[in-house]
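You will see two complexes here that share chain A, one where it goes with chain B and one where it goes with chain C.
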Partner chain A sequence: MPKIISTHSFRGGTGKSNTTANLAVLTAKRGLRVGVIDTDIQSPGIHVIFGFDPKSAKSSLNDYLWGRCRIEEAAYDMTEGCIGQVHTGDERPRLFLIPSSLRTGEIARVLREGYDVAKLNDGIHELVEGLNLDVLFIDTHPGVNEETLLSIAISDALVLTLRPDQQDFQGTAVTVELARRLEVPRMFVVVNKVPEGIDQDLLREQVEAAYQCQVAALLPLSNEMVKLGSGGLFANRYPDHPLSVSLKRLSDELMTS
Partner chain B sequence: MSTNQPAPPIDEVGALLGRMRSAASPVRDVLRELHERLSKDDSGEVATYIPELAKANPGWFGLSICTVDGNTIEFGDVSQPFTIQSISKAFVYGMALEDRGLENVLAKVGVEPTGDAFNSIVLDEISNRPFNPMVNAGAIATCDLINGADHPERVARMLNMIRTYCGREIHIDHSVFLSERMTGHRNRAMAHLMRNFGMMGEKFEESLELYFQQCSILVTASDLAVMGATLANAGVNPKTGERAISADNVKYVLSLMLTCGMYDYAGEWAFRVGLPAKSGVAGGIVAVIPGVGGIGVFSPPLDAKGNSVRGVRACTELSQRFGLHCLATGSGGNALLEALTARRR
Partner chain C sequence: MTRPFLLLQLLDSGGTRSQQEWIFRDQTQVTIGRSAEQHVVLADPYVSRAHAELLWQDGHWTVLATGRHGVQLRGRPPNDEPLVEGDILQLGPSGPRLRVSFTPPSSSDVNGTLSFDEQEMVILRLDRGQLEEETSVIIDSDFFQKLQRIKRDRETRPDGRSGTG
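Showing the complex of A and B:
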């Protein structure tokens, strides 16, 4: 049964897209067909981490939403660059990216006209069926808006990313409440960019008390990640780094049960 | 499933989350598949008795379901306006019941199905009443029962009634109204005949105008679903919380829709689909799943009996698939409710 996993953060800058991209690659490396869809139409970005050149995209999620193409035509096979050589005949592992458009006109059109979220839902399901995906990651726009709520509503699991920061704490509570009301089956709280020297047990306790749900991972603030500046996939570049190890464990947890 | 306890109106967050659940509902996949498959059926003819109707695109096809908790799941041309035509008859009948009370309405219009066509000129030989309010004669006599100090007030009250069912401002398509009025010789003849028998009052000509106006109200498939859901919800519009008709009168409207709502296909419709419904020559059908919700379908090509070809097929399939037949003991609407509340997996 294919899995749909949404990643969300209430505020920007939590490292949501980096977490999503790395989780997607680590998940695909288990020998699965994985898709990543960028529904952050207002401020797309996850394609950068995959090293995808937006100029090479004939079609994007926007084209699908405006009825200009089928959703599969906006999916790009990133397997070779992100996982390595796979025999052409092999169906697994595979990694597909469905980018949003970076063209100013396209972004302006979404802001001006909006779009039918139900159509996004149709697209997501056509994508899972058409590409025969085992797992689809949905990278959402920070904050609460229609496409994030839709992704929560259709997801089997929701990964909530926040920093150890009071603004993140308060905002995330809103998402947690909405996710509960949308009856998302599983919620994973990920505290990212945890600085060295912080009392991890206390932090974990605080977060768990605030949201009444378990913290799935505390990810360390990493200099290497900062230096990488979204210029690549961290887990590929530093496979033995504690951050990569934690991400791998998180991917395991997402895939079990 | 009691229809006597309308669901409370929903708060803003609830409405937003409801929209998301609707967008994510597995029922949407059912509608999408149905829409795709039935779109290929291009049988039937668009009504041409007035030029305005003949302009309709035979490809238009919208499917909408609205639940008694106010969630809408829809697909296709659900925002395309079209004239309500005969669908108005059911709602105006409900209004006459509210205005005059059951016995006074029954004195003027019967509740007996006829096997005759919608435009037949047949009155009950003993009472001189038209057989039921869903044939033209009965609908015109029903119009005569609508209260109001003068004609404009009667029109305004009728529009307000439909507005309450739809939950939005509605308008009359003026060119359709003028065409109906110019070419409605048969309806005019019926009105005169009923006036002759004393079944219509002195204002019968104004009532006839009112009838032409009610048929020319513009609605969409989305509207029809909300209108149906309002009846399903004991008379309270689930989107606005506004009452459109008393719960007591809902059952009279629904029973007439079940027995007479689909022209001379009504018997087979009740047998096969088993839902109170009303169709119109512009291609609309509203169907009511009591206690569960309303279905609105719009597709202009009509079959020989004057019902939307794709509309009849869509309602038939939805009824069978979700076990919606209202006389199916033990299961009425439950499968749809479950599907509507279920997450995708």
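Showing the complex of A and C:
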């Protein structure tokens, strides 16, 4: 059974896209066909981490949503750059990216007109089927809007990223509650950018008590990650770094059902 | 009757760490504002010259907004309710936030002066009222109801499509 995994954060800047991109690569490296769809149409960004040049994109998620192409036509095989050489005939591992358009006109159109969320739902399922995916990661827009709620509703698992910060903490509680109402089978709370020297047990305790669910990972604030910015895949660059090890463990947990 | 004790912590922009703190013992009125004669002086454009007063009465503290920018306590203006441990006072709509505590910190013996919190301790507080309010607005929306239908469809239709395309 293919898995749909949404990643969400209540506010921007939590490291959600970086977490998603690295999880997707680590998951594909297990020998799986993995897709990543950027539904953050208003402020797309995950393609940068994969080193994808938007100029090379003939079609994007936006084109599909406006009925200008099939969704598979907006999928780009990122396997070679992100995982390494795979024989042409090999179906696995594979990594596909479905980017959102970076053209300001396209972004403005979405903001102005909105789009049919049911169409996104159909697209997601066509994608899983058409590309024969084992796992699809949906990188959502921060905050709660219609496409975020849809992504959460159709997911088998939800990864929630927050920083150890009061506003993230309060806001994420809303998503946790909504995901419960939408009966998302599994929730993974990731506290990211945890500064060194912080009382981690206390932090974990507070989050778990408030959300009534386990913290899947406390990820350290990493100088290397800060320096890398969004300029590459951390887990590829620093495979033995504690952050990569934690992400690998998280990917393991996501895949055990 | 217990003697008045008050610890105020100025929270950083993330709202988790104390940037500065003030301790008051045996004092029944504590004033907060921008002008130098206040007990707690906050140089912030969102803070009025005399912004708020904390008053000790009948064994508990209450907060009173004295400036025009107002105070938010648990998401609304205070209404004479007793403050409880950990309450956060938001000064003005987007001004600084002060955490209220009635427990003397064991390591500190300062009195009415500021000291810096060196403990790397994150304090996260969930405002359940605000959570409930925000969640219910979304849950009651037409879209959310529609989603729950899509979800049911997905469970009954093996291809997961919404059937509207």
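One rule holds for everything that comes next: the second predicted complex is superposed on the first by the 257 of 257 C-alpha atoms of A that agree within 3 Å, B and C clash if a C-alpha of one lies under 4 Å from a C-alpha of the other, contacts with A are read in each partner's own complex, and residues count from 1 in each chain.
FYI, a contact is a pair of C-beta atoms (placed from the backbone, for glycine too) under 8 Å apart; a residue touches a chain by one contact, two chains touch by 3 or more.
Being a predicted model, the structure only gives us computed values, none of them experimental.
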When chain B and chain C are modelled together on chain A, clash or fit: clash
Touched partner set for A:118, first chain B, second chain C, both or neither: both
Partner chain(s) touched by A:1 [first = chain B, second = chain C, both, neither]: first
Contacts of A:198 with chain B and chain C, given as first, second, both or neither: second
Partner, of chain C and chain B, that touches more residues belonging to chain A: C
Which superposed partner A:181 touches (first chain B, second chain C, both, neither): both
Partner chain in contact with A:156 - chain B first, chain C second, else both or neither: first
Contacts of A:255 with chain B and chain C, given as first, second, both or neither: neither
A:86 touches, of chain B and chain C: first, second, both or neither? neither
Which superposed partner A:221 touches (first chain B, second chain C, both, neither): neither
Which of chain B and chain C A:169 touches, first, second, both or neither: second
Overlap of the chain B and chain C footprints on chain A, listed as residue numbers: 117-118, 121-122, 125, 146, 149-150, 153-154, 178, 181-183
Footprint of chain C on chain A - complex, ascending: 116-119, 121-122, 125-126, 129, 144, 146, 149-150, 153-154, 163-167, 169-170, 173-174, 177-178, 181-183, 195, 197-199, 202-203, 206-207, 210
Residue numbers on chain C that touch chain A, as the complex places them: 11, 14-16, 120-127, 130-131, 134-135, 138-139, 143-144, 147-148, 150-151, 154, 159-162, 164-165
Touching residues (chain side chain A, partner chain B) in the complex: 1, 117-118, 120-122, 125, 146, 149-150, 152-154, 156, 178, 181-183, 185
Residues of chain B touching chain A in the complex: 13, 16-17, 19-24, 28-29, 32, 74, 343-345
